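Two complexes, one shared chain (chain A), two partners (chain B, chain C).
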Partner chain A sequence: MNFWVFLSLLWVSLAHQYYNESLEITPLPRNNLLAQFEFEVKSLPQEIKYHENGTESSTTHYTYFPRSVGPLLENSNTRELHLRFTQGWWDAELWGKVPSDGKKSGGTGVELWAIIEAPSSSQALKHWYKLSKSLSGFFCASLNFIDDSITTFPLSSFAEESFKADEANKLFLIRAALPSEPICTENLTPFLKLLPTRGKAGVSSLLDGHKIFDSLWHSMSIDIKTQCVDDVCNYQMDQSIYAIIDVPRCLRKHEEGAIAKPIQGENLRCDTTKDHDIWKCFPLGLPTELNYDLETIFGRPIRGSCFTDEVSPVKVNFKDGWKIDIKEGLNINTLSSDHPIYEIKGTKPVNIDFNISNTTNIPKIEAAPLIVSRSLTGYSQDKGGFRVSFTNTQDNEVKFIYFESLPWFTRLYLNTLRATVDGKEVDFSDYVHLKHYLPAIDRKRPSHMELEVIIPAHKTLILNYKFDKSLLLYAEYPPDANHGFSVEPAVITVFNDSGKLFELRTTSSLITLPTPDFSMPYNVIILTGTVMSLAFGSVVNLLIKDIITEEEYEKLAAQGKLQKLIAKIRFRIKFVVTTIKNIIFNVKSLIASLVRK
Partner chain B sequence: MPSQVTSYFRESEWNIVRGYRSELKKLQHLPTEELNQIAEEWLTDSGLKTSYHHGDSSSLYAIMHASRGEDTEAMVLSIPWKTSDGHFNLGGASIGMALGKYFNRMSIWSKNIIIVFTEDSHKSLRQWVEAYHTSLDKTAGSIEAAIILEYNGESDHFDYIEMWYEGLNGQLPNLDFLNTAAQIAYHENIHVSLQNTPGEKVTLNTYKQRLKVFVKGIIGLCLSGIVKPINGAESFSGWSIQAVTLKARGIKGPNDITQMGRVVDSTFRSVNNLLEKFHQSFFFYLLMSPRYFVSIGTYLPSAVLIAVSYALSSLSCLLNTNVSISSFLNSISQVLIIFTSIEFACFLTANLLPFLIFRTVTDDDKNNLVTLIIVGFSTLNIVLSTPFLWKSKYLRISSKLSYSLISFSLFFISMVITMLLILNFSLALLIGLMSLPLTFIQPILKSIDIQPSKSIESFPLMNYLNTMKPHLKLFICLFVSNPIFIIIVTGSSYLGDNGVYNLMTNLITSWNDLQCWTWYIVMLGWFPAWLTISFACLLGKFDFITSSKKLQ
Partner chain C sequence: MNKLLVFGVILRFIIPTIFPDIPDSLDSLVELSTPINSFGSLKESFFYLSNGINPYNGGINHHSPLLVSFFYNFQQLLGNNMFTIFTNFLYALVDALISLRLVKINNWYHKYNSERRGEKLYKISDDLIVSFYLFNPLMILSTLSHSTLIFSLFFTIESVYQIINGNLPRSMISLSISSYLSLTPIYLIFPILAFAHRLIKVDQLSQIYFHGSAVFITSIGLLLFFSLILTSSAEFIDQCYGTVIRFDKLQPNIGLWWYFFTEMFDFFTPFYLGVFNLFHFIFILPITIRLFEYKSHKTVGDGFLAIFLCYVWLSFTKPYPTIGDLGFSISLMPIFSGTIIPYCKLIHITGIVWLIGLLLSPILYYCWIVLGNGNANFFYSMNLLFGAVHILILIDFLWGKLVSDYCDIHKVPAKDRHTIRLTQY
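What follows is the complex of A and B.
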């Protein structure tokens, strides 16, 4: 096997009872690297009981197991917890299978499922919301938005029960996903805080948000299981971070900064077999010779072993074309010819050089046995459809469960389900068996569909189905309503007779719902307000006032009480004046007659 | 903000563009399939995921999945191998290849980028867009925006950019998208030309120039999808994708080929930054220059007024003649039967003609058939425009019924215009204007029916018309308002060589090729109304002979 070189790079395995960590770096085509960080923590043995609401857990000591998580699990009676933070598109053609058979990475966004012990499903949901709200605060993710409308109880896709519940209780598997949640440093920091090394030493010291989140695809996962021997149980927590790193991009950013400036003329790599001169350059493909070190890729060196009193063995495999140098601080302890093992000892930082003469010399990619892609069909705002294409790349038939939960505002029509195999429409019941379907209830429950699909070797099955989009209430639209609404990725779980083989997920989809123009109501309110007030004013005037001519008005005005009063007073005054005048006149005439006499 | 960031598609990228171009130049005579294969190899080398769509011709598309992207939204750069002028899209394809490589180096993308190579930007692109939304396995989320890039020849320099934006059926891309592209071009010091404005007039900002672009814009929007060259932006119409065609023009100008790439790059980066889709009301506008537009509130009333004028003349047909309301109501069922049967005949013809055209095998057959159709329609036009020559003695309807028919037809046109107002303003406006002579039929008939008035009107035109023989008037009014007349006039005067033939062919086939409904609007909205009116003239009891004698 000289033509390929297997490099399972750094392999820190600690023979520790309660804590183990490891890093594996696998070279991939197109100068990509897959970095797999794995951390395992075990809690001390303890008794696990069902806690009613309000009762506090009694355990106070967890050693390596995070103190913050233990009580949370106990209070919410969570027996298994699975949390996924994933971002990016997994290129199955180039990178093959998702690491760990996809069992440790979710779909785009955040995914959470848990096995909760409870006497009834309503009680289980109560525990579930308690769990999700606490995790929301803990991981700075929008897990608090998990509610009835996105929560499902999967049947066959995620089932993996190892815990035995009380006889009075049952175990409930509950799941929810938030496909539009962006994954960011604020999610990584609490993730690292869970580790006993706090990201300060050991392989976790490589985890720098700037570098991990500049990858092509990355996934963080937390799986907590309860393992019991008789009555004594302990929590086992597996944390893992996978990232696909584009090495040339990392190197360029390291040398030139974040902006992709044009390559300097003298650094252009031109195809000399084609026209080329000082003006012309037909670009060559990717470089096959690369030199870099761990610090350039991750931004930091490994800061010693995880604990000072422990010895961390580092396992490195390399063959032709790949030369690995330990730059500093590492004591080579054992170096077997097949699987050389390096050990990280002490607290000195460790850096590793990679000098590769042929980057295409890589281990064989384990091909994904099933390639799935889901796309939206149609264009209208009132209805749409999904088209899912499954391609079996294997020589034998593949059996899997297709789990899909659509939000309530997409009304799925199962009768529109059509299957096509190799371009010909077939009776879908030959390939697809509807295992479970729970229709959505508006605002209360998403639709939940589990299909069992069998695809013969080297065939492509295409499923088509349609849905209606419903109108939301005015206040239900999010602030960025015109961005569209995310539909969570479908989960595909491949089974064989012995059990679950691997998991994979489609990408999420963005559905455009009929969205009102939110500025319009205000325009309408203003306009109608103006019209209404104008109309109101005139109507009121018409109702309470009478239209008459000026003459009529004067006539009417003369009849008024005030006018009457004035007239009366005038009359009185006139009367008095005339009386006085009369008296004066009488007196005058009397005087005159008296004088005459 | 658009054009605020520096695009780095410059310096050594120029060498790469030239490198691709010199290779493509050697390959330009290869058939599309082979070209696609070579392009696929190059694009895969740059790290893009390639797939094919096999429609009538095979189309290659390459997806650049945004790193860490949600994979739910995409932008399309479409590069037809053959430009709308029929040349090899050498510069465009080279820019496309180089951009594919350039985009893949950056980690800023939140939306995927799809680069599509199709045979041309007509049917094959339209088919690809349709397949993307119905049958393609490898997709990259909903397409937000698309740029169709054309750059003829191998010159390093060009003068200005021609921007084409008309969609099918009166749809337009969001004005914000056009503004972004225009703004970016402006910052790159590239002039943008609309509606075929020649290079020397691009910088003009006069009233006359703006009016020219405005009127051409209305006509262009009306003819989009049915005249060649198809610019490509039409292909994305109807899928809520904002699309614009950018064509580099000239070979000597101050701008270099990478600037064209920078316009694409910066536009994509602007779209990439958008959190929401293009929405709200910026879909209704008429451009006068890249920076001036007329908004819907200003232009819509004109077509509303035209619709109202038809409704009024329809009323006048009833009120100004001796048709009483009761007789109209009595004859309404007759009117409806006649009109519906005419409409039905039109519907059959409208469906039969495309069917026949698609059944032809050779180009010669097609040519003959289309010529036959044109001749047929023209003959019908001439025959029915001269009703006074073909008066039958037996098959006649009362003048009251004819007036009712005319009235109904005018009302029908009014309704068609009203219906089209928002959907396809240009078509509504132009149909309204073109068939305006139909509103004069009733007064002419009346002047035949009663004594021709010799009174002097205040309008000199009316005065002149009054002195004209009513026969001639009737002929002119009917003849010029027939769709075929407009097609022939537009085809021969506006579209150049072989214009009539091409216009007719594209009009008939555009529904099947591009889902452009202009043919059906014409055949089911305009033509039946014309037919009904001319039948009313033909069969109505108007005394043509006596009136003309009276005139003599």
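What follows is the complex of A and C.
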């Protein structure tokens, strides 16, 4: 009895410590909004040990930490797990820095990296595949397609270790990415299931797949770390969803439905300073006056706070010209007048109204320290290349690691690496240092390149390098072979002496490989076989048949069938006998010479 | 001849020196470069070496370690610009040496066969032999693309030349280097030993076979041993020779293998790999035995023709052929102008088929890969055509030799020799 009282007391007192959630809304130019959902969960302290072949989990109680994830991590000896689901293109010039310094959002598609404890790399890979296969079922993503041909062991780009392994073991950082994976509601549902609120209360109740995945850019991430004090460890899981929401699009969809219709005449926004009547209209730019609420944008209101006695904070970064209607159930935490924090309490649905007189008046956007773009060069299906341009926007030099893993079917020629700075060709070794390069092995290993690059202030460095595109086997092409193959985004990690500052990714690239004709297998086998047997047959005939004149042949042909056959056999025997005789003669002389010796 | 030689060398040296982009752009043509002989991948291996990466642990280098280290050391020694000039010069030099060897072989072949037959045969002039090699557009393109095929060709032809010279060990060493560089010439050991059987005067004939193969195996062993020491791992064997045998690198070329294995169903691939590898050397021994110069008749058989036909067969069934292989057999053909060419009936057809293939194959490849208005079948049809060229050369020369042998055995008078109608039964 005493125990239960104690436990429930512990529960209440620790609740706040074990789960946090928040939503931050930041206006961006062109009537876009950046929504940042953050959820933090911590597990109860427990002991974490290395299990060679998986084990029944010793821990059965995780409180807020998802029951499904704990055993998964323990069985695969995963000490750190990072999973990213991202779609869309982050417009760094318009939107500035990626939220959380890019440390919580991935490149296009799905990205997974983990720190796994194991005695050897082969054992680590075994754990890794166990992990990726389990996660695949868990998140309804194609993570089960992770195999040797896309798995890398990054050296420096992702390193952030907080766990100390057993003395006999080492920690392995393993990474893979699936750039062509579409992100969909089926990935969001398991994501929400991990939350203690299950997406039914608190800010997570805003997350509706239809709205989140309708955004210009969105990223879902899960980061699990093991934090230890002496022998007692606990898992810390950060889940976050970032989305850039196109507000006019949301409003239009809300009013008109999903199918776009032409704008009605009376709704046209014409430039009144110019000539305009019912026939003529010079359209104005985007509206600067907008009224909307959370429900229009996310499709639902916030269903109260996460737990009845908890507070779910919603932070809105706004400037003058933004008026926000506070409704019942909201407390304002007046820490700063520019960034009020609305605290949601109770169980009532909460909606926030935005009445904006000037949408262009937005907080200053933090510029990205580095703008990177990677594009494909070349025009043919058998050769190509990459052109990567890095622009340093800062007043001081920037140092970063460029991590790139290309699939094996791009045969990289790194000796073609050329660099230009501000349009002038330079010796690349002045700016770029090849930290690590592991060439690809066909079907077994991707190429893995890590470059350390230093760019002086306000300079643009452009790297060019070439590759050959390999032909694949007939069965290795996907059903839509001419659609192309995705190449995963490169990862750029900006750092200084004290550590990692900022992370960003290029877009993924779509390369087209040469394709065979898929209707041809039988024809090719037949035609090649024909040419080969033509050669074989004619050479065999020439080599073994006897030669006669045509007159002799006709004489033979005039005879009856039996005589013909006899003559044929006779010729054969004669030919074989002479050949054998010749060979025997030579062998004899060989033997004779041996004997004489 | 000297003028022609100088001109040929200058042509090969000046063009890539003045236009340094030419080797690179030619190296990107599938007709000229394959994964195993492309100069681009050799240069990539320099990059690996200078960055401390093992060039045989994956990647795109399939050149033999000694060749890589030879070029790499020169590149380190000379610097990039001088190295380009050095390679241009080296390739031109090797070509000149090949053409000189061809001249020597031609002279010997004419003398030998004239003596054998006891009549003065028609002899093609040295100038023409040199021109057929040095100004053969296929050989020029092959050299300008800096395909490493040329070294293998040089050592093959050197091996034949050393037999004529009467030096069996040197011949075997050359052949072993040639096989070490590109594997395929290893099959030529049979016709070359049979060739030596007739030409090299030794006390005991067995010496030729025993000494020959012993020297061959020893020198191959030494080469592999040095490579092993150089790379300190055996990975190069898989990368250089395994790639050839297993046909790992699917890249279009002018041979029969690539499209066949692209389209082949997975579970049949190992079987057909076996079949194709068997097919690769299936006629080496039969041709060698059939064209062996038996003592039973003075003029029957032709050891050098056997080598030539085996070479054509190997080039036909190679996993990674280039037009350099075909071009080389075409450069060898004029040597037979006194003996077999008079009996050949298909030369014109061969020439026309060959020209069509040569003209259309880059066009159709461009249609498939760049324009997208053709597909792989277009280019594949040209591969079949190249196959046909090889078959035509093979049967034409073989038949020519058989007719000539028939005429000699049956003592057909000279005036009837070209009108006699023969068939096989």
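The criterion applied here is as follows: the second predicted complex is superposed on the first by the 480 of 597 C-alpha atoms of A that agree within 3 Å, B and C clash if a C-alpha of one lies under 4 Å from a C-alpha of the other, contacts with A are read in each partner's own complex, and residues count from 1 in each chain.
Here, a contact is a pair of C-beta atoms (placed from the backbone, for glycine too) under 8 Å apart; a residue touches a chain by one contact, two chains touch by 3 or more.
Everything numeric here is computed off the predicted structure, so don't read it as measured data.
Contacts of A:Tyr379 after superposition on the shared chain: both chain B and chain C are touched. Shared-chain residue A:Ser589: touches chain C; no touch with chain B.
Once the two complexes are overlaid on the shared chain, A:Lys280 sits against chain B while remaining clear of chain C.
When both complexes are overlaid on chain A, the residue A:Leu268 reaches chain B alone and has no touch with chain C. Within the superposed three-chain model, A:Lys568 lies in touch with chain C and out of touch with chain B [touch as defined at top]. When the two complexes are overlaid on their common chain A, residue A:Arg252 makes contact with chain B while staying clear of chain C. Look at A:Phe536: by the touch rule set out above, it reaches chain C but stays clear of chain B. In the superposition on chain A, A:Asp517 makes contact with both chain B and chain C.
On chain A, the surface touched by chain B in one complex and the surface touched by chain C in the other have residues 379, 515, 517 in common. Of all the residues in chain B, the ones that touch chain A in their complex are 8-16, 18-20, 22-23, 45-47, 49, 65-73, 101-102, 105-107, 133-139, 141-142, 238-240, 275-277, 279-281.
Chain A makes touch with chain B in their complex at residues 30, 87-89, 91, 93, 108-109, 179-180, 213-218, 246, 249, 252, 259-265, 268, 270-271, 274-276, 279-283, 285-286, 373, 375-379, 387, 389, 391, 460, 462, 480-484, 486, 507-510, 512, 515, 517, 519.
Taken in their complex, chain A has these residues touching chain C: 379-383, 411-415, 434, 437-442, 444-445, 447, 468, 470-475, 514-517, 520-521, 523-525, 527-528, 531-532, 534-536, 538-543, 545-550, 552-553, 556, 567-568, 571, 578-579, 581-583, 585-586, 589-591, 593-594, 596-597. Those residues of chain C lying in contact with chain A across their complex are 28, 30, 40-41, 43-44, 46-48, 51, 53, 57-60, 197, 203-207, 209, 248-252, 256, 258-266, 279, 282-283, 286-287, 289-290, 292, 294-296, 313, 316, 368-370, 372, 375-377, 380, 384, 387-388, 390-391, 394-395, 398-399, 402-403, 405-406, 420-425.
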